[in-house]
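One structure is given below, encoded as structure tokens.
For reference, chains read A, B and C in written order, and residue numbers begin at 1 within each chain.
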Amino acid sequence: MSKNSNTTTTANGKSGTAQSAKKKSAGVNASLTREDKVLLYRDMVRIRRFEERSLHAYQQGKIGGFLHLYIGQESIAVASASLMGGHDHIITAYRDHGQALSVGMTMNECMAELYGKFTGCSKGKGGSMHFFAPDKNYWGGHGIVAGQTPLGAGIAFALKYKKLKGCCLCLLGDGAVNQGAYHESLNLAALWNLPVVYIIENNRYSMGTSQERSSAGAPLARRAESYDMDWDVVDGSSVYEIRKKLAPAMQRARDEHRPCVLEIQTYRYRGHSVADANHEKYRSKKEIEDYKQNHDPIMLFQQTLLKEGVLTDEKIDEIDREAKNEAAESAKFADESPYPPEEEIFTDVYWEVDHKTEKNQGRLFFND
Amino acid sequence: MATIIEMPKLSDTMTAGTLVKWLKKEGDSVSTGDMLAEVETDKATMELESFEDGVLLKQLVKNGAEVPVGSPVAAIGEKGEKFDPSSVKQESAPEKESEQDAPKKEQTEEARTSEKAEPREETASGEAGGSETAQEEPPSEPAPDTSRRLRISPLARKLAREKGVPVERLKGSGPGGRIVKADIQAALEQGVPADTGKDGAGRSKAPAGVPAMYAASGGTIAEEKDIPVSNMRGTIARRLLESKTQIPHYYLEVEVDAAPILAARASINASIAELPPEKGGGKLSVNDFIMKAAAEALRRVPAVNCSWADSSIKQHPAAHVSFAVAIDEGLITPVIFDAHAKTLRHISAETKDLAWKAKNKKLKPEEFTGGTFCVSNLGMFGLDRFSAIINPPNAAILAVGATRKIPVVSGNDQIEIGHRMALTLSCDHRVVDGATGAEFLATLRNLLENPALMLA
Amino acid sequence: MPQITYRKALNDAFAEELERDENVIMLGEEIAQYNGAYKVTEGLHARFGDGRIMDTPISEAGFAGLGIGASMLGVRPIIELMFWSFSYVAFDQLFNNAPMIRYMSGGLINVPIVVRGPANGGTNVGATHSHTPENFAAYTPGLKVVCPSNAYDAKGLMKSAVRDNDPVFVMENTLLYGQKWDVPEEEYLIPLGKADIKREGTDISLIAHGRCVITCLEAARVLKEEHEIDAEVVDLRSIRPLDQEAIIDSVKKTNRAVLVDENKPFCGTSAQIAALIQEHAFDYLDAPVKRVSSLDAPQIYSKPLEDEMVPNAKRIVKAVQEIL
């Protein structure tokens, strides 16, 4: 599958299995029903409307701290989640709203979390960067750049240890590839043949620094080569394209415990976070407009589906209206929800305290 | 219906933004995502984005205005819609006046602080029932003694306080002469030492040293110094000066036969002293009888249970009898509320509790304000008699001397040992005339000499 | 009762827990084939095999994070750090991920890991290998910190740590690995958060954890024999949870305390204990609380000076004499 797959697969004598994996996941887009396609489109729209609404709420002062928007990158989360089976897991960094909605978390619980409300997915304890839904195999939502990359390897390790046929999708940004933890993770994943697919969401800027100014060597995924891992670069503006390249990678991870790195080229229209005051200085407005006009994943998929006759203008309007309403409703829900009660400060710190076991002895909190 | 656009929060630390430049004019049409204006935040200049479609009806602030987050900056509505700017609460700061604003803000804060302080003053000098001798809350910490810091461990200090050991006279055996638990224990066993034990090296348990009071005379008797006036001391000074100079005091005195209450006390104590506290055990003191009798006398002569209120005399419906307690910082008068309706044992228990709280600075303000009459007893110092200053707004205060044994002539003209106690009543002549005061004192004497009457 | 080394007691604890629960695995540098840098895992690889006793690369952030990730799905890794000093290269994983995930997920995710290894000075290995970060760990809500002082405690506490559903950091001591104590053959557990009075006394409380407990016992002997001072030695065993009751009870009894630990003094563990004592037993103190910690400079290499640097009986006796 990768540009270098010939060398690596030959070197590892695995070309045969790689071929079979490819075959297995062939037609991953052809097998999509009309309903599936509408859902893929709808989920991307929902993410965008949700985030626009959250930006509005931030500016109203209802959301504090940091808010890292995913707008422009929606195709990656939606395509990834669409390929996940029962034993597949996903973990990401702090730009985590899109993945949350893609795996089926509700706008209400997500918006309420942004508002710091008790009805939020983490009871208002995590905030924007820390969404979790282990029941949906979504393991967060991690605030420190590359901090989640060893965790992703660990999830894959657990799957293999428990002999479960699944894989872990570990998402990271292009800035994370320069962190040591990422390289340590790649080494362990390759060394121990862990079923993990690292997905670099390359939006070209690590915070306010361009790829050219922060990372030596391109493409970034090529660094996997030194760990004898497969890698590839994917056009992130196309949902089909992402699915086409991700599906066989996941299949190989599941079947052969073979990790890989996929670099998905994408773009964020907003700043690194909403507090990024200079995002139109370290890049040009023209560049942003170019992506919006020519590479927007939602617009492009809309056009594709119109051509395929899956979507109509009426349906597009309806989906948009519903997504806007759902987002507005979630803001209302969040607004009306209570803040966590004060005693919640001390719950969820220790399992033992929450479960009041008999072996609970000694002091764990030191407030007086 | 126009939508009001507010100054957005554009960063995690932004509290206000300066509207640098409008990018849309009034009347321009706008759609979602359009940039309305440039806003300078604490971090950089950013753009104010529209979340609405329509027409910019009104710019509510001018270029250069600093606007707090959440305050209105513009109105967007439908084309041709009328918009009344006065319908919007304007919170924007005047243009670029933040520098001049700063001192103003400070002044406001100062004003707020002094406002806060004022009610305290008022309680201190104000309404009836709220101005006992020392009604300010005892300061949570004693005023620092700047003269000499006694080296004593927390444990030894606590023990000494509990057992009444005068630590000033002890020499500590701990490192650096620190008084420790062992020194207090030794003092309790051996009394406050007078021996001249040299500075014992090692772990000598016995305290040593010459108490200052036994030292040879000569030189100064105490260090010359200015002792700072604590809050409590200041209040006592002010209130008693007011009382003594503004209230026309006069004094009535009577000597009562204390034998009946001593007998009653002995008899009651014999039956209750050994009981556990929860069953009402404990010893009654002479003062408990006086408190009880005073309350009963107030019930019988309510004209004394009054306060001067300038245009009127306020008669109180209940006898709330306070008693003076000396504490480190001065004097405080906790109150037995509704003393007229309480049994002797109840009064006794409450008195003990309040006195303990007073000495340990645990009295709440409501426990030392609101008395209607005060008893001050210095009998334990062996004083025969004294007169007290009225504790406003009370109309009288009773000063109790020691019970003395004196020869008395009995009913059949024999010289016998008698027990006598002097009571001095200080009265506010504006409220209590001589005859009323005398009636009260006679009633009180009658009750003390015939304790059984308190039951009637 | 058989006498076994601290090392063997730990080894037995691992073997018993690996046997009991197949979710328990061990990760670390040279713990499998090599049998452990300090032989604490000796024989476990031969017995439990590749799948459960795993050699890792020198990659602390990687394998610590991997362990945390695996634990989220119910694997219970025991992660060895060859030295706790190496936790510094895995700080984000150990101090930012492990203790925070449960909280930030509103209690949805548990991180049942044990991170263990020696944390001590006094071995002439220089500043970078002599750190004792129990104070860092105990500073962090969400973490538990255990510092066993002897073989019996090491085994019982380690077994409790492995069964705990929260991240537990166990700090061992290379100087204790080879020492022997009575350890029963039958299985036992020691709960976290329960201090142990290692020596009863009336004149002063010596409060310590880890190897400093042993040093305190030595100091107590000298105090008794040479100064007729009867010291009580309180072994905290775990720093968080902390048996505050035992500390306060002992201070109420003796009215004096000397706190002994191998942390550097500024914000060291004893600083927190001292704060608790003054707050909860102020009126029982006959003297200021004294501390004996490692001297406040980077750990020196030169042996005789390092011996002065870490708490020793001589310094403890001196501290006691200063307040008695």
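Definition applied: a residue touches a chain if its C-beta (ideal position, glycine included) is under 8 Å from a C-beta of that chain, and two chains touch if they have at least 3 such contacts.
Quick caveat, the model's predicted, so the values are computed rather than measured.
Novice: In terms of CA centroid distance, which chain is the most far removed from chain B?
Specialist: Result for max centroid distance from chain B is chain A.
Novice: If you tally contacts for every chain pair, which pair is highest?
Specialist: By contact count, the leading interface is A-C.
Novice: Find me the chain with the mean Cα position closest to the mean of all the protein Cα atoms on display.
Specialist: Of the chains present, the most centrally placed is C.
Novice: Based only on mean CA positions, could you tell me how far chain A sits from chain B in angstrom?
Specialist: Each chain reduced to its C-alpha mean, chain A and chain B end up 62 Å apart.
Novice: Taking each chain's centre as the mean position of its Cα atoms, how many Å separate chain A from chain C?
Specialist: Taking the mean C-alpha position of each chain, the two centres sit 39 Å apart.
Novice: Averaging only over C-alpha atoms, locate the centres of chain B and chain C and give their separation in whole Å.
Specialist: The computed centroid separation for chain B versus chain C comes out at 49 Å.
Novice: State the interface residues of chain A toward chain C in the complex, per the touch definition above.
Specialist: 89, 91, 120-127, 130, 132-135, 139-142, 144, 147, 149-159, 161-162, 180-181, 184-185, 187-188, 191-192, 347-352, 354, 359-366, 368
Novice: Given the complex with chain A, which residues does chain B contribute to the contact?
Specialist: Going by the criterion above, the answer is residues 6, 8-14, 41, 43-46, 51, 69-70.
Novice: What part of chain A is in contact with chain B in the complex they form?
Specialist: Residue list for chain A touching chain B: 52, 56, 58-61, 64-66, 273-275, 277-278.
Novice: Going by the contact rule set out above, which residues of chain C touch chain A in the complex?
Specialist: Interface residues on the chain C side: 25, 51, 54, 56-57, 59, 61-75, 92-93, 96-97, 101-110, 112, 141-142, 144, 160, 164-166, 191-195, 238, 240-244, 272, 276, 279.
Novice: Show which residues of chain C lie in contact with chain B when the two form their complex.
Specialist: 255, 282-287, 322-324
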